[in-house]
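The chains carry the letters A, B, C and D, assigned in the order they are written, with residues numbered from 1 in each.
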Amino acid sequence: MALKVGVIGTGMIGQDHIRRLTQVLSGVEVAGVTDIDLARAKSAAPAGATVYETPEALITAPEVQAVVICSWGPAHEAQLLACIAAGKPVFCEKPMVTSEAAALKVIEAEVAFGRRLVQVGFMRRFDADYRRLKRVIDGGTLGAPLMYYSKHRNASVPEGLYTSEMPLNDTLVHDADISRWLLSDEVSAVEVRVPRRSTRGRDLRDPVMVMLHMASEAIVDVEISVNIGYGYDIRGEVSCENGIAALPNRPAAVVTDANGIRQAIPEDWRERFIEAYDQEFREWIVAAGAGTATGPSAWDGYAATLVADAALRAVDSGAREPVTMIDKPALYN
Amino acid sequence: MALKVGVIGTGMIGQDHIRRLTQVLSGVEVAGVTDIDLARAKSAAPAGATVYETPEALITAPEVQAVVICSWGPAHEAQLLACIAAGKPVFCEKPMVTSEAAALKVIEAEVAFGRRLVQVGFMRRFDADYRRLKRVIDGGTLGAPLMYYSKHRNASVPEGLYTSEMPLNDTLVHDADISRWLLSDEVSAVEVRVPRRSTRGRDLRDPVMVMLHMASEAIVDVEISVNIGYGYDIRGEVSCENGIAALPNRPAAVVTDANGIRQAIPEDWRERFIEAYDQEFREWIVAAGAGTATGPSAWDGYAATLVADAALRAVDSGAREPVTMIDKPALYN
Amino acid sequence: MALKVGVIGTGMIGQDHIRRLTQVLSGVEVAGVTDIDLARAKSAAPAGATVYETPEALITAPEVQAVVICSWGPAHEAQLLACIAAGKPVFCEKPMVTSEAAALKVIEAEVAFGRRLVQVGFMRRFDADYRRLKRVIDGGTLGAPLMYYSKHRNASVPEGLYTSEMPLNDTLVHDADISRWLLSDEVSAVEVRVPRRSTRGRDLRDPVMVMLHMASEAIVDVEISVNIGYGYDIRGEVSCENGIAALPNRPAAVVTDANGIRQAIPEDWRERFIEAYDQEFREWIVAAGAGTATGPSAWDGYAATLVADAALRAVDSGAREPVTMIDKPALYN
Amino acid sequence: MALKVGVIGTGMIGQDHIRRLTQVLSGVEVAGVTDIDLARAKSAAPAGATVYETPEALITAPEVQAVVICSWGPAHEAQLLACIAAGKPVFCEKPMVTSEAAALKVIEAEVAFGRRLVQVGFMRRFDADYRRLKRVIDGGTLGAPLMYYSKHRNASVPEGLYTSEMPLNDTLVHDADISRWLLSDEVSAVEVRVPRRSTRGRDLRDPVMVMLHMASEAIVDVEISVNIGYGYDIRGEVSCENGIAALPNRPAAVVTDANGIRQAIPEDWRERFIEAYDQEFREWIVAAGAGTATGPSAWDGYAATLVADAALRAVDSGAREPVTMIDKPALYN
């Protein structure tokens, strides 16, 4: 029996998830959609799906068994709380919410409900390369992780739309979440350093270097470059006590010609993480079908919010900005 | 509307495909199964599937829209002809058939039917790495392919069950098919050479070296090693006029420790080609839903049969054994 | 006509350089040696070499045309000044001197002499891999360097002899010098962070993370691990505006076996840098034969001293410690 | 005391060796030179070297302690025999001689003399990468070598001067010699296959595929491409019973840019093997100083001659052409 899903928000990412849910994955169907722009919702709705006038109507509709939130960030809090009130599993794109207070409300509601319902869209955790890397670290033969290098390089960002805050409150959350997960650790403080600025034609603070000080005292050393031009290049390397483990090159044909011995790199995040997105939903469908969620939780969304906030403070202060979390509810262990 | 599929043969590979069709893929359901051992068919049948007493009953059942053949090789000919007679799309595992005469009968029937119905299970063509390699060659900037190295190394083979003929009539077909496909070429003759024999505890002619002389005069240089111990190691390298293109290493974590800087290799073909099998069926489901087939055809199954026959003659004769094909029916262009 | 060289200090490194000068390199002969332990000097002296009772006697001996200083660091200042007073080219092992005041005296003397005489033993600048990396950066197609990652990993350090200051005042100088050279830049400030400590059996602050803030605002991000166990692993990666350039793996046989596809890494600095040491002396011999020096200068020795001092302050203060240099004398441009 | 060497032949390779002997290496001096063109000899002679009118005069001159032969191939036989008659160590560039009969005369004379005097210029044996590869094979953990792939790809060859015989009688000798050495084996027969011809603008049989059947029954599978355009690309891979060992990529900076993640490859053999040539002479100087030779011997020159002859027969006959050697004199064990 296919899981009946309602999708809130039919912009670029919403449309991509509708394509995924209808054409790529099994065991699921899109039963309803809505969008702040109802015309857009209608044109994005697959055959047989109801177009709801509001998120609330979609969330409470009896035929909708689980919800996918792809609206803009500030709308997430109310929609998540409504899903929890309705007891429905919900997949929520990043950012989960846009303030610490909102994150705490979501956690409080979910804890009160007593079962995980919320899954946050940190798709890297579903990427096969990151999973193999985590298996090596968790295997333990390399010893404790002491440093983790996370290099996040984008070919380009939309001119005018991408501001100097966004590396820290939008891009960094991927590195923060994957670091917490790979190292099974929490962020306790954040420092930001701003190196020599790239002159590739934009008025951005780019690159930035971020240090995440972890509870274990391991240091995560993040480079965020958002306009590197040549491709989308995500690297990760963990320095452990007895050895090093790193993400491999992407599997591209090895060509030898006048440019040397070489492998192409991905053009953008769609090419790089397309299988991770598919896998993320594959596992969510199973979990939501069982009335719950898996992978990144509201706790992880809360942590990401705190790290982004601390990073924005740190770039201004130049100082080490602490990240202080509430005690972790048992639901998230 | 899901495609209703009947599966003939519920041994190891049949069970794996049933799992794939029911748990991994969308747009398909297993409506019927059968096996020479009906008890095994019953235990393998998913909920809601009918167990048919014979392949013929399954093939002609109105509810079965398309067929997957996983029986043993000698049974394929009759089952394929029955599918064609019924006008039903059919996916057939390797070997398509076990003799040239049988291959010609299948081709004749399909040509008479007038539309492709048969797809043969050469899953390498659906592997992302091979596809990227083919795109580079077809792109043309490296010039014409002159030599292709295909290294086929198995960790081990079942003791007692795997004979010295099998590298040539079972294992080689993968290299032959992928070579024809990568180079867009046909095999015109086969030579076999037998190097120094491995002493890894078995009475096998292992390794063997096979030269496939292609119609273009390109030479395909195949190494088949079936008991290499360390893993399942599939390599491919194309020497073109202006450059070289090769399969990449598999994407495993790059570990640096006392064993050096290293990447694990797959243990077996399941690990190596699991995504290729999924993709093979994904594309078959779409084609079969449209009443036809895609990818490796009966023509490709015929070519594989001829190459295996020639290789067996060549290992005995030591000579260059020609491969002579009928004119290619227009259906296969 | 071979260059007649006098060697001061016949400990481990001095003996290795005597071997190099007598057995590996051409155009040079060891005419004299001395050591604080004259018996050791006698046993290390090659055939035909005079054993001098003091460094001063060696430096001023007419038959000695150029000097190699391998004594311990605190003795270097006086020996360098004596060489300059004698107008003799001198190769000096690291550290050039052990205080800023001493470095300034050497610079002052050399500037007064009016020609470079001093070459400091930063051998990485003569390594073929680093040179290729610098050619790529200097080539300019990758744009300005914005970040440089320098990873300095030692298999082990002598127990009891290696203290927690040494990563910063002994090991770091290699990273600092190669960074200044690769980026054609100066260090303007230093920060140190101390990650989670390795438990590999020693009471050391290990690893340490050092940020070198360069005059261009590029940031050099150094990891120093001195007890990593698995080998001697030196990595370098430059993030530029349009691309990345990195040191390659060392050229070891690519072995595929049960440990994966792998390449061995060097055991220690001798294995890693043996050709760089040879090349360093090859170029020094040519320069000294012409009455001068090449490569790393007294200015570079001065810079290294300042960086080490700042790093030691920074590990205590936790703050950004400035590096303030005198105006660069024209002699060093 | 430097070894006094006489150089016969001052063409391109002779001039390069004179440069090497006078500027790169120690313990040697060029005491005499000669050439069929005496004016060329005079201009190539370093300061202090005597120009001899004939090879015989140079070889018998009392001041010449050892000889380097860089004349054209047909002149080698008489010059080698004269060196042996004079009891002088001699380094001889490839080909040692140009016929089996000549090779046997050299062996006979050297055996009669009773000590090795002849070293043949197969420089690959002195290359660090090949040496590491041999150490892995000889180490034995991978088991016996069963197949060896030797890929010999030249960027280009001189138009008009390079004929279709030369891949087999000139280029192949490097692959044959390194195969015999890596596998500690002899060639017992040769087959040649001619794949589809490259259309890169020349009237050459290119590429060619050569099988060297070894005494152990291992097969060496050689690809010779002489006009590949993109660079000079030498690969070697040994398939053993338990694993694979291969030459690494050359150590070039790893650049990531719009062309992918890539490493440059050498332009030509000078770039690829410059250190191997240096090392070859370094070891020869030590051996010649002791009145003998090391590395590739007259026996190896004889084997190379036989393989080239067999390859030329095999390309015409299409058959397996045997290589029959005399019993190996004890001198060469």
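Note that a contact is a pair of C-beta atoms (placed from the backbone, for glycine too) under 8 Å apart; a residue touches a chain by one contact, two chains touch by 3 or more.
All values derive from a computational prediction rather than experimental measurement.
Q: Is the number of contacting C-beta pairs greater for A-D or for B-D?
A: Contact tally favours B-D.
Q: If you average the CA coordinates per chain, which chain's centre is most distant from that of chain D?
A: A
Q: Between chain A and chain B, what is the gap in Å from one C-alpha centre to the other?
A: 38
Q: Suppose each chain is reduced to the average of its Cα coordinates; what separation in Å results between chain A and chain D?
A: Centre separation, chain A to chain D: 58 Å.
Q: Counting in whole Å, what is the centre-to-centre distance of chain B and chain D, each centre being its mean C-alpha position?
A: The answer is 44 Å.
Q: If a residue has to touch 2 or more other chains to count, which residues of chain A qualify?
A: In chain A, the residues touching two or more other chains are 229-230, 233, 242-244, 249, 252, 255-258, 263.
Q: What's the contact topology between the chains, one of line, ring, star, complete, other?
A: complete
Q: Taking the touch rule as given, give the residues of chain B at its contact with chain C in the complex, in rising order.
A: It is residues 229-231, 233, 249, 252, 255-265 of chain B that touch chain C.
Q: Which positions of chain C touch chain A when the two form their complex?
A: 143-147, 149, 151, 193-200, 207, 209, 211, 214, 216-219, 221, 223, 225, 228-230, 233, 239, 241-244
Q: Residues of chain A touching chain B in their complex?
A: 23-28, 128-129, 132-133, 135-136, 141-142, 242-258, 263
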